[in-house]
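Structures follow.
In the two complexes below, chain A is the common chain; its partner is chain B in one and chain C in the other.
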Partner chain A sequence: MEKLNGLRCRECGRHYQAAPLHVCEFCFGPLEVDYRYDALKGVVTRESIAAGPPSMWRYKELLPIDGDVAVGHHVGFTPLIRAQNLADELGCREIWVKNDSVCHPTWSFKDRVVAVAVTKAREFGFDTVACASTGNLANSVAAHAAEGRLKSYIFIPADLEQGKVLATLVYNPTLVAVHGTYDEVNRLCSEIADKYRWAFVNVNFRPYYSEGSKSYGFEIVEQLGWRTPGHIIVPCAGGSLITKIWKAIKELKTLGLIDGGLGTKMHAAQALGCGPIVTMIKNDTDVLVPVRPNTIAKSLAIGNPADGYYAYKVAKESGGSGEHATDEEIVEGMLLLARTEGIFTETAGGVTVAAAKKLIERGVIPRDESIVICITGNGLKTPDSLQDRLDAHVKIKPSLSAFDRALADLKSQTS
Partner chain B sequence: MPVLVRIPTPLRALTKGSAEIQAKGDTVDSLIGDLERQFPGLRERLLDEAGELRRFINIYVNQEDIRFLQAKKTALKDGDEVSIVPAIAGG
Partner chain C sequence: MLTMARLRVRLTFPPALIQEPIVYRLVKDFDIVINIRRADVKADHGWIALELEGDERALERGVKWLKDKGVQVDPIERDVIVP
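What follows is the complex of A and B.
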């Protein structure tokens, strides 16, 4: 089945053949994979999807892969959890957590985009993959390059969390720490990608890479029993994920896999110290003003988000909104999710939980509607953010009497 | 005032394949005017019908995004380096 029509400019509509290209030569608009939905309709069904593997590849026909999957066979199909304790705490009826903090193999949703990009790099015959990263992408590109026996060059801001540095180095890539912000790393990589013939997953492979995020949206709808939730709260860095979840819902509608209207409001969550997309939404302007990031949520610290404009449009078009979270609220968000649901997410997840809480408390999200919170990364990668907040534990000698005394002390403190 | 301008791949068809060119201008705006004189057609790739920088193009003067400076009015001096860079995805 011929399902792909090459690439198409999102802005001016010009067509390009399938190639490692990401920018329209004429207007600089981003290129996007063009599917032949007419050929997919009736072929991709709820049944055909359910018969697929328990991974993101159950949606392979809706991803830009021509041949076999090359790497990341077990990525995705992560749990969608009914978070009743959290719902009770926030006074809501129905909250779900889409938990990519346990995505295989590198514990973030980036495995979805990288599995597509690296498979595509192999299809185009590249022997080297590369990326600019705030951490999670670095882990995932290095891991999938190892699996695919490709060389990898990973560019990160030099001040990245140690956990994310180690969780990249373990796969033996060439890791380049750049003294600068992620936006500076990004600009440098754009120039490097112009000079070296590498598959930069988020530069020249961006049209393919970003499609992988759709699987997160497909899974939410399928796991809800082919129902769209009332609200989805999405952490935003470059703004691609929120755009692609929305695209996923629209594709399922186009293919006749969901009944009724789209029915979902998309909400953007960002840190106050780096929230240019939410600022656009709050000010109701489609002009992005870049910022210099200053937040503990380093995986979201992109001051000049490439898809900021589209993220803003998704929030507007769906009737959604956006909310900022302070560093303090981010930590409280992480602790709230851990305390109520037993899920340890990274700072980005803290942003999402905190933003959801604020939107619910402000009445923007009604308490009686269904809510999905997107948790996209794992807390064990960023333990430093909690170091100061969590130091209370009981230290005793190895004797029963010592424990008895400690327990009595604890009880007197809490009574 | 000669300034070094780095040209990204999508624009090199207009610069006869050159990745780096020399151009003149007191400001980014006048630099774009000189680029257009040297390579006709380049201006409309960078600016929209209203004369504003296209949404998905970033211009940097000595590694600094001009939106943090004085945008198109950002002053240039001898030896400055200007990069034209398409927007790229997050990570």
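What follows is the complex of A and C.
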């Protein structure tokens, strides 16, 4: 089955053959994978999907892969949890948590995009993959390259803390620490991606890479019993994930896999210290004003997001909105999710929980509608964000009487 | 010796610079050939996606001049470094 039409420019509509290309030669607009939905309709069904593996690859026909899956066979199909404790706490009827803090193998949703990019790199015959990243993306590229026996180059700013580097270095990539300002490092990486015949996952492979995020959206709908939720709150950095979840819902509609209308409002969540997309939504303008990130939510710190405009359009088109979270609210969001549902997410998840709470309190999201909160990364990667925020409640000498006294004290405090 | 180079960039203009003939000066003062591909310039903010072509050192000087003026100069992909 020929399911791909190659690539298409999002701005001028020009067509390109499937190749490692990411910008339109004519208008410099971003390229996107173009599918032949007519060929997929009736072939991709609820049953055919259910017969697939318990991973993101059950949606392989809707991903830009022609041959076999090369790496990341167990990525995705993460739990969608009915979060009743959180719902009770927020005074809502139905809240679900889509939990990619346990995505295999590197504990963030980035495994979805990287598994597609690396598989595609193998299809195109590349022997080297690369990225520039300070966190989740670096972990995932290095891990999948190791699995696929590809060489990998990971570029980082030289001032990155050692703790963040270890979870990448362990996979034995070539790690290149670049001295310079953020701007200098950024530009150098763009030039390297242009010059070397490598699969730079989020540059020349971006059209393929970003498609991987659709699987997060497919899973939400399937796990809800082929029903679309009333609201999805998505953490945004480059703005790709929210755009692709929306695209996933539309594709399922096009293929006749969901009944009724689209019915989902998409809400963007960002930190106040780096929230250019939410600012666009709040001001209702399609003009993105780049910012200098200043937030503890490092995994969402993209000041000039490539898909910012499209993310804004998704919120608007779906009837959704956006909300910022302060650093204080981010930590409270992390603690709230941990305390109510037993899920330890990283700061990005704190942003999402905090934004959801505010949107519910403001009445933007009605308390009686179904809500999905996107949790996209694991808290064990960035425990430093909680430093000095938590301490052991009870400290005692090693004697039973000391414990008896402490317990009595505790009980009198809480009664 | 001249080494010709090409650069695909996205320029973002703050409100104060919208009225200024920045691109004109870039071409004239630095001898850079420009090719505008896409732009959105509104009253209070604007961006231009364009290709710059010229002597490598002239390009570097031009980019530095833009930054000194307060224009944000990014590669066409914008943020390549991802968290």
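Just so it is clear, the second predicted complex is superposed on the first by the 381 of 415 C-alpha atoms of A that agree within 3 Å, B and C clash if a C-alpha of one lies under 4 Å from a C-alpha of the other, contacts with A are read in each partner's own complex, and residues count from 1 in each chain.
Note that contacts are C-beta pairs under 8 Å (C-beta built on N, C-alpha and C of every residue); 3 or more make two chains touch, one makes a residue touch a chain.
None of these values were measured; they are calculated from a predicted model.
Visitor: Once the two structures are overlaid on chain A, check if chain B and chain C clash or fit side by side.
Guide: clash
Visitor: Examine A:N186 and indicate which partner it touches, taking first as chain B and second as chain C; both and neither are also allowed.
Guide: both
Visitor: Between chain B (first) and chain C (second), which, if any, makes contact with A:G239: first, second, both or neither?
Guide: First partner only, chain B.
Visitor: After superposition on the shared chain, which partner residues are touched by A:K298: those of chain B (first), chain C (second), both, or neither?
Guide: In the superposition, A:K298 touches chain C alone.
Visitor: Given the touch rule stated above, what does A:P157 touch, chain B (first), chain C (second), both, or neither?
Guide: second
Visitor: Between chain B (first) and chain C (second), which, if any, makes contact with A:G322: first, second, both or neither?
Guide: neither
Visitor: In the overlay, answer first, second, both or neither for which of chain B and chain C A:N202 touches.
Guide: After superposition on chain A, A:N202 lies in contact with both partners, chain B and chain C.
Visitor: Does the superposition put A:L137 against chain B (first), chain C (second), both, or neither?
Guide: In the superposition, A:L137 touches chain B and chain C alike.
Visitor: Find the residues of chain A that appear in the contact set with chain B and again in the contact set with chain C.
Guide: In chain A, positions 11, 22-23, 26-29, 131-134, 136-137, 182-183, 186-187, 189-191, 202-203, 206, 237-238, 289-290, 302, 304-306 sit in both the chain B and chain C interfaces.
Visitor: Name, in rising order, each residue of chain B that touches chain A in their complex.
Guide: 6, 8-11, 13, 19, 45, 54-58, 60, 63, 65, 67-68, 83, 85-91
Visitor: With touch defined as at the start, can you tell me which chain A residues reach chain C in the complex?
Guide: It is residues 11, 22-23, 26-29, 131-137, 155, 157, 182-183, 185-187, 189-191, 193, 202-203, 206, 237-238, 287, 289-290, 298-306 of chain A that touch chain C.
Visitor: Under the definition above, what is the set of chain C residues touching chain A in their complex?
Guide: By the definition above, chain C touches chain A via 8, 12, 37-38, 40, 42, 44-45, 49-50, 72-83.
Visitor: Spell out the part of chain A that touches chain B in their complex, as residue ranges.
Guide: Listed in rising order, the residues are 11, 22-30, 110, 131-134, 136-138, 182-184, 186-187, 189-191, 194-195, 202-203, 206, 209-210, 237-240, 289-290, 292, 302, 304-307, 309.
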